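So the structure is just underneath, and the comments pick up after that.
Naming follows writing order (A, B, C and D), and every chain is counted from residue 1.
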């Protein structure tokens, strides 16, 4: 199949590589020349614009860093909408605001172009292995049409609901994971202050109401879970900057829905602070390092 | 064995009942006459003070509602310290500040009286069944001496570390559980705003990085987990008031240790607000109800 | 002068009235028929669209409820951009995201149309009196050209800086005022808990480092400041919903700038909660009512 | 008059100096030998304990760093209670939990010793000048008896209410001032991100609803207010550590009163974080430095 692929940055490249391996003809575009070149080296042909990549392709995939990039790539000058033939299916695999997914889908729909959102989780390593988890929002026939292509990039493809629902699922999952990482860090800093063995505490909590995936697999205290980022100096994994972005998208969606939220913005802001103070490129579990006790002599 | 039992409120009563059933002679005391009477009906004999309950007992157990109650019961006028013979072991099963456990232990130690902290989890139903989880802090020989008695009240007795460590473990676990309940509630309110099916979202998150014990067993959205409090109008379970208390103890411990914490106080305060607005006696997962969207027409 | 006026809701109407009184010919448009009719009753003529109102006018004024309304009114189908002649000046008096002001200004600029942002403060009463405070962002000659028209609606017109700066000034001011209202409410609830006379406390704070405009003029405790909203059952004034909106705009701007903020989102969310629980149409100082102590018997 | 003075640290020393200058015979005690020596050099005689300083004095003054220090100095072994004759008046000038002031007052009262709380504001410079502001809680006759002595140390002595009310007033004032400093810092960081001139913004806000004492006198942005700490590299002034302590006392009092608070704990924790990251000894307006934007490239 001929696939237009827009956005060949760090995540897009291995995805292009896997599509090429499966025998697809990939026409790539990225506004950054080096990113486009990398895709060409992997076997894609290069296009001059998003419209150009979409033109003549059977299917369009986008993998971009933000809501405004996605909006521009589809609806802006020389965008997908200018190139895609009526009836074509577009798959946006970026992590963006669900409301933007819906707005883009609606704009395409009025011109007969179909759209599903399909954000991924797993990061560069699983993009390379082709084992990403992919949460998809869209009409059932569109999702079924996308499924074999998505299967070239991911091993777990879930249809969540209508357009935008893939984004909602990703943001809601990451909201909980991000908050949990901060909560676990706070708990283990308190325990440390009392001299309680973190290994014993981990055992106790793992069998109780405080258990979380984050503690089991990404324990923020170094040395307790061998494969956790904390045990390799917080090399990501999923960076503090990306988690701050996703919590920000979730909190902003809550604002637009007038849903009150309190722990999500608190977690968002402490990750943002951690980023300001040098931990943006570390795994987000490095918030444990940021929450270090003050040595201040002033009495409480 | 002759056991002095101080604090025969809602939680203490079934614990006294289980001790009597195992053949222990229980001498009970509670400042509230009705609570003391209830214990006597269960087969305990009544004492006139904490000191009186401690006098002549082989072992003292306390189950009281707050740090100041515990401090007064041990160290105040007519307290345990006035009645307990040197060498006796005291087991405090209240949920209180770990620093207070340590202060009381130290005060007793100077008079040759031994102390372990052993807070419980599981609530009145599991107190009645004798299947409480009990987290114990103290010297290893003291904990081993306490273990057979604790086994009459709980089915899972864990030695966490030095005196105070039982309290630390309980507070740290509840910090994470309390924050997780708020985070899960926020995520599902956002998803609701987008019209995403909460059952599908639960399936997605349960296999991903956002999974938590709280979502699996105490899902705040009614109708998804049959045995969750949310599915019976948030009948507790563990009340909002008690979770606000435990988060408050954790946050206050952090203050004294100069550990920065951000999601714990945010969760504490939203539960406190939920209590102010009528949800104090509901299960703490009722915070989902409290976080309802505003119908405000003012645009965001 | 012939003025196209778009957005004749509750705030726009008295502004139209004042322009008419000063002898201007106002061509009004509002998507809501009743709002448009009200403007016509005040002496404006009615247009069929934003483009229609702009066409043939010497100047365009917009007063709309949100960023997306403004974006649509200028750049959407039948929007100002379709009607305004090159060289014309547009004044947006809505309270919206500064980034949207800049985006709209840039889009107009490419077509030779000029733009200033000029959000107001003072609410409906001061709009009626023509004594609004108006914070303006734009090129100096454009601001000077706008000034006589603005003087028909407000008594205090300040040029803050480049396009968007009027919005920035308004949001920054309201961020502080909104947070201060919550802080003052928290302080007086604590004082109340200790039985301290709020009048004496107000005197003490008014001479000390905690003094704020909010406490002096909008004291949240009823009965201390005669003209405060609290002394007339929190009749606005400035509603909780509008303050939640402005804090939300400020927090979202911080997100886009990657500026960490902590008290602004905390205040935003407690106002959002207060709105969810019935206080949205009350003055925002009613957050004092919302922060009532819990009567919960559970010990802390 | 013969005055026992307990707690001759950085704040206590200049207060002792002023009492000596006014002709009082000061008997000093401090657990830290260097602090006691400094008081002796200023003309005080040295005592061996708090009890010893109280014995034979007409009046006792305490100036200590925390609630637990005050409790120990009055009620612990070799404490004031062991030395003070019945009928004596004690003045505690420490900043501590109001509940502890009341507990100590009650314990003294049962032994016929009188107590007022009289915390100060103004820091070391105003302690040296004898121009501290002093907020006093106690029975009116006791406060009037204390007033001439307090006048030797401060220029503004206010009777707030019953015992503990001085502390309540100080904590409530500092709650607002501490939150305001964070809010002003957030607002000016956002304005900076948009390139708005902070001087112009200061002028706008100073005439509007966002005006605060903190912005007028302690502007966190360097260079705008000549005498502000920010204009001399945030040399205190009032340190981040001390403000974090006072916010912590206020938040903990709210916990004990079951008053929900949201901006106070948010401000407390960001100051605690700023302290953990090296700003503890700087003026608390240095939180502006801490809230620096992230340079992270990850898109929001």
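In this section, contacts are C-beta pairs under 8 Å (C-beta built on N, C-alpha and C of every residue); 3 or more make two chains touch, one makes a residue touch a chain.
Please read all numbers here as calculations on a predicted model, not as lab measurements.
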Co-neighbours of chain D and chain C - touch as defined: A, B
Comparison of B-D and A-D (more C-beta pairs in contact): A-D
Interface sides of chain A and chain C: same vs different residues, half threshold: same
Centre-to-centre distance between chain D and chain A (centres being mean Cα positions), rounded to whole Å: 47
Geometric centre distance via CA averages, chain D-chain B, whole Å: 35
Touching two or more other chains - residues of chain C: 248, 255, 258-262, 266, 269-270, 272-273, 275-276, 291-296, 300
Contact set on chain D toward chain C in their complex: 98, 121, 133, 135, 156, 158, 160-162, 164-165, 168-169, 171-177, 179-180, 182-184, 186-191, 193-197, 200-201, 203-205, 207-215, 217-218, 250, 253-264, 266-267, 269-270, 291-296, 300
Footprint of chain B on chain C - complex, ascending: 65-66, 69, 239-242, 244-245, 248-249, 262, 266, 270, 272-273, 275-277, 280-281, 290-300
Sites on chain D touched by chain B in the complex: 248, 251-252, 255, 258-262, 265-266, 268-269, 272-273, 275-276
